[in-house]
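Each chain carries a letter (A, B, C, D and E) given by its place in the written order, and its residues are counted from 1.
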């Protein structure tokens, strides 16, 4: 709860700074503030409590995921300063929106009431619509914003419908009550339908097949930093929320749909992985490629839902590994494509010579995503595989394995470009923050890889 | 004492090898020759000492465990018994002579140090082969001499034909070696040891013998022997091996290495005695080889080729004897053959040396005046090989034929024909080379001279041995048989009492030889026929001249198909396999390309997919 | 001397090399390579006292993954092979200059680190991690410092990477499945499990895919020749000298003890594949135009034989396989180095452009000849010991295997001698061929010395590996 | 107080909102004019709101109606942002035809 | 089971419901079907009003008023302004290709079918609807619920609106390029 209040306060503070003309200080102060909030959040780790009539429930799950979101936001905000240096008057708005978005994200993982959940997801979505379209003179950005908005509000409608049906069945929005009642046998069919619709809405947010179509277009069109946000923070938030929702609704014990539901997850998981990976193979735009890669990772993360009662830790781990490597990758992409009008792979030619450190970071990030040890991505996959096999879904794991193989194909396309092509231009100066963010996030990733227990065991 | 003696015996040539390899170039040509020769002479001396002081009991020297197999160990050890000492005697003895000969023969070659290095290495490996205490030790030497043979055949490596010949020799040998190895495997698994002495004990005492496997082992080992001793079907390398310097032909391809097969069979006589069926095969192969090689030798014009085929033929005779279990007879012929064949080769070397490399007999003639010593020694050797009484060859060959006569008349006939042919082609060689007038160029004629004494001395020594060599095993009173007796598990065949049959056989053999010589005399001396040019050869002689087209047949049956297969694998299979793997990638890429069309940027389509997805999920879940 | 120290030395070495700058990198790398070798020797002496060296500490609690290193004789032998070859390989590259050499040598040491880890690891996941880790450096070595057309090279290298990764991922699945069954990744436990025949079959197959690609066995070998050709020689040496052995070692260490029933039931198939590799590899090698490709195919033939030996499930087969692994490691490094020496002088790997070198460089010729002979397993070289033992074990299973596998000594001689003839012999080449330099000569002499020493006296290695192999065999036979 | 649902039945409300919702969906699919698409989405949201109120009556519970407030707030926010995006697209492209948004694809 | 309305004995409330429902659906459909955006807007207006009627029918007067104010007063005005500002009231919309439209109709039918069938398929709600008799939807009660129990979401909604506001400003604000 304190986290949420503090974050909102920080967002308002950002807006105030603009008025007070503290423009230069916004990014540092926000980062410091977020660090403080991170401390606050972590301190709540062992103090599960619910606030305000169960509106906000602070649990281990919520604090841990909130911390992850805060870390990601810190990194994203750090990147913002240089990214928006051409938009000095708007930087406060951007930062504020990001901070509010974080508030929405935190609300989404710590909601105790579907109202909070809905508002959280809407704050997140609306912020993203704005951020996607924020480069308003750019047609692509406009188009991305529009597409995202149209499809996003459509999905919101579906989520809302789902919530409505759940309410119809339960007469309450309180998660704890719903959770209790969901175990009883005499439930109107509205309840499972409602869950399904909410799930579908969330699947849209995490860009699972067949609700993934928006992702590549929006990722490609949005400003790169927004893409970074979407592909890391937002995806992870949506996934965590979906996990929390489904586990709260006792989806695994619902006698009406559990088996069928699991089947659906299996199919969607496999489909997402496959479509994502195969489509990524022939992309020339790096952001678009990462969008498809993100779709496939969504498929991987869906595997966590197959053993929902035990997989919180592994989901957290996967999410951290994926998002950290994503941020590292995007830091490099931002650096490389800073003054270019597109993000095509050719821009990465010869990076290995021009800037070996950045190239190494990007390589490590991609290797982590591909699931090569010793990076965290490997353990993430391994733990998920372990749990999924334990749950008896060997098919999914085999599909996942085949997909991991395919994925190497496009991750290595980028690596190949960096190391085996001649650079087409002279070395550009790298802003310090890009280095810092890239290195910090990849180091975090590697540390996670070396000490997976540190994160895996947080959620039992 | 024994151990160190054995080691000195073994390592002396090896030290010579090392010296020649590392210091040879600096040391100068004469030093190289002397060191090379001395190292072998040292071995010879030790062998003589051992020969003189050897008791009845074999000496075994085990150095250390070499290869460990689950059920037995193979020791790195040496065995000195009558057989190995006997073999060592003529290996190091003839080896010394040929080294001596080479000093002069190879004097003009700039790589004389490597030549001596290889020769020394060869002796080293030959000693290993002979002294090895088990099959694998023998195999070291076995492959080692093959290697040296390869190196020496291809000594003039700038000529790729020579290199081809060397390669061919090595590979043909290796085919045999595979057989040898298989034999070793079977023996090992049957008896859990590869050690000769233990094998002998086990085999002679064992009761329930698995006949089939013993026969297979014997057969496999015999294939090994075929490779090394140039028997059908693996004999084609030996004539080609004449590409090497002549001393090499004398040492390796006539006197020593090619007899390794006979050595091995004799060494394992107890095993072969258990496999009569294989013995039959050996006898038949030997006889056929003797005949086929002799027929080919009839029409060859290259002086060394004639000798080479003669060697194959003689080896065939030895195998004929082995096939009948008459090991000591075969050994006897090995020894006499070593003398006269070495003498013949060295003589031919002397001729070639005199003619500056000319080997075609059609371009020789009338050399007996300019090269009298060469002529006389070669004549003696030829008489010996032709089996004229009382030269060494007469006794040994006669014994073989006598054994054959007692076992199988057909094979005796074949053997006899082969030996008549031997007489013919040897004297064809003598007449064409030494009689009549010189047919070479004026240039050559001008330079004709007798070879220096370093060449003639070994010739003379060998001629003497060719003459008197027979005394070691005279019918009725055979020193050799007695000497070798401890080796053989059973008295394989009783001493031939010299009855009428025996005398009649001797007479037939001698008459046959004289007939052969007579025909040659008629044709080449009296009629002064000169073999026609290659292109003009027709009919049967053409087939013979082209060695029954066996090389061509092998080429067509084995070499070409393998090469074609290789090209096929390389160009078709490899690319297909590769394409298959890449194909998976291509297919995925193609799917991706099609998928790109689906993601066509239309919000409408995206929403369609969305809604259809919703419908599908809800339908599946609730309907 | 703790078993971890070797890994630490190598890892620190990699870092130190990277930070020592381009000029000093080769020397620093060599130093650390030698240090690791010395460390392995220390370990060996320790092993002789204690008979077992273990290092176990819990790494990840759930799922239970240990940082478990275990050095028995077999692992030690492979470790020694790795740490002995690495300095040789590094030293052999002193004649070349690589751009950005600090990264190059750092990657070599890192790869050695990963490979050493693979040989030592006794926890499935740890093993898998090292296994995968070793792929990355070789990928970059081949990609960045490789030769030939960049596009072709990229294709080959990526194919290699994806292909090998593809195989090993199934191995990971198999490990996880095993973990579900046994609750442990430790080989100690895994090799005691009682799986049903079907389970064993699938697990065996999953492992097999990984190993068959890595080793490689036909028909999974298509990456090999191209990568060998395209990689820089150092990379090729690492690949063929050590990395292939990872696959073979893993067969013995992991695959057979975990799924012995399947191994027994389908023994014939796998031996058959190995022997098919022998014949196929030899025949393909015959008509290769590129020296490195030819050596690659010869390698295919040799490892086929080794694999066949390992799959016989007899002590002799396993022992022969291990001996041959070590022998082949040395000889193949030597042969690739020979190719490199020629390349340094003639700038070509096409056999057709060579020939007539012998007259110009007698020392080089002799050493090359010896390597060729070792490669064709001439008795008294180390390779003979291995090949003989393997063939013997094959003959115990079925004499036909020995005969078919034995064709290697014929075909091997054929293609090697043919190659030697066309590369070295013939009319003296018009281009000047300088004889080997001291460094080159020293490298080759060391290799040759090793080959001869163990060829005549293999007892130390045999004694070292036999107890471990017997141990593995008891595990393999636990179902009988 | 009489529960009005006794006369109408919750099912009918459900069907009404479902059909209304589907009409909204149909509109989104059918039209290319962005404004109309917005309106369709509004119809969808309203359909849900209606259902919320119906359920609220069904449960005799105020929470459903409270939720409608939030839903309205969300709708308002969405429309605001959506129209802002629409305006900027119109400025750049001079059209609000959703079908023309095809720069991003593949 | 769907209850077929008994038109003969229909209570006034039922009639009102039916009429309202028909109006709602028709105007909603016309909103989509009209070619001119302005017509659509007007139809939408009527649709919303009819929904307000539903609210009244369900006796939630406060919500009815809010609906009227927010949707008709705010959202619709916004939309109409946009249409007029941008002069979009033209019939120049290119229809989607016939196949798409057909697809849309099919999808529409399919979705209706699926959803309705789903609800029909389920267990019917049996028995009387409970009536607690308590007041649950007067302004007083709603205000209490909203500001006591739902205080946090209420405040959080302000964040939402704030974000929307910033966003709208951000998207339309002219940029000062000078730093």
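In this section, contacts are C-beta pairs under 8 Å (C-beta built on N, C-alpha and C of every residue); 3 or more make two chains touch, one makes a residue touch a chain.
Note that the structure is predicted; figures quoted are calculated from it, not measured.
When the partners of chain B are compared with those of chain D, the chains appearing in both lists are A, E. The greatest centre-to-centre distance from chain E, using averaged C-alpha positions, is reached by B.
When chain pairs are compared by contacting C-beta pairs, D-E ranks highest.
Comparing the centres of all chains, each the average of its CA atoms, the largest separation from chain A belongs to B. Of all chains displayed, C has the C-alpha centre closest to the centre of the whole protein C-alpha set.
Centroid to centroid, with C-alpha atoms defining each point, chain B and chain E lie 103 Å apart.
Inter-chain centre distance (chain D to chain E, centres taken as mean C-alpha positions): 5 Å.
If each chain is reduced to the centroid of its CA atoms, chain A and chain D end up 27 Å from each other.
Computed from the mean C-alpha positions, the centre of chain A lies at a distance of 31 Å from the centre of chain E. Contacts with at least two other chains are made by residues 115, 119, 122, 126, 129-130, 133, 136, 145-147, 150, 154, 189, 193, 216-217, 409 of chain A. Within chain E, residues 96, 103-104, 107, 111, 115, 118-119, 121-122, 125, 149-150, 153, 157, 160, 163-164, 167-168, 171-172 each touch two or more of the remaining chains.
Counting partners per residue, chain C has 162 as the residues that reach two or more other chains. Counting only pairs that meet the touch rule, the chains in contact are A-B, A-C, A-D, A-E, B-C, B-D, B-E, D-E. Chain B meets chain C in the complex at residues 21, 64-70, 76, 114, 136, 139-140, 142-144, 147, 150, 154, 157-158, 160, 163-164, 167, 170-171, 174-175, 177-178, 181-182, 184-186, 188-189, 216, 562-563, 565-567, 569-570, 573-574, 577-578, 580-582, 585.
Across the complex, chain A meets chain E through its residues 8, 11, 15, 51-53, 55-56, 86-90, 93-94, 96-97, 100-101, 103-104, 107, 113, 115-116, 119-120, 122-123, 126-127, 129-130, 133-134, 136, 145, 188-190, 193. Across the complex, chain A meets chain C through its residues 313, 352, 356, 367, 372-374, 378-379, 382-383, 385-386, 389-390, 394, 397-398, 401, 404-405, 408-409, 412, 416, 419-421, 452-453, 456-457. Chain D contributes residues 1-12, 14-16, 18-27, 29-33, 35-36, 38-40, 42-43, 46, 49-50, 53-54, 56-58, 60-63, 65-66, 68-70, 72-81, 83-88, 90, 96-97, 99 to its touches with chain E in the complex. Interface residues of chain C facing chain A in the complex, by the touch rule stated above, are 59-63, 103, 125, 128-129, 132-133, 135-136, 140, 143-144, 150, 153-154, 158, 161-162, 165-166, 169-170, 172-173, 176-177, 179-180.
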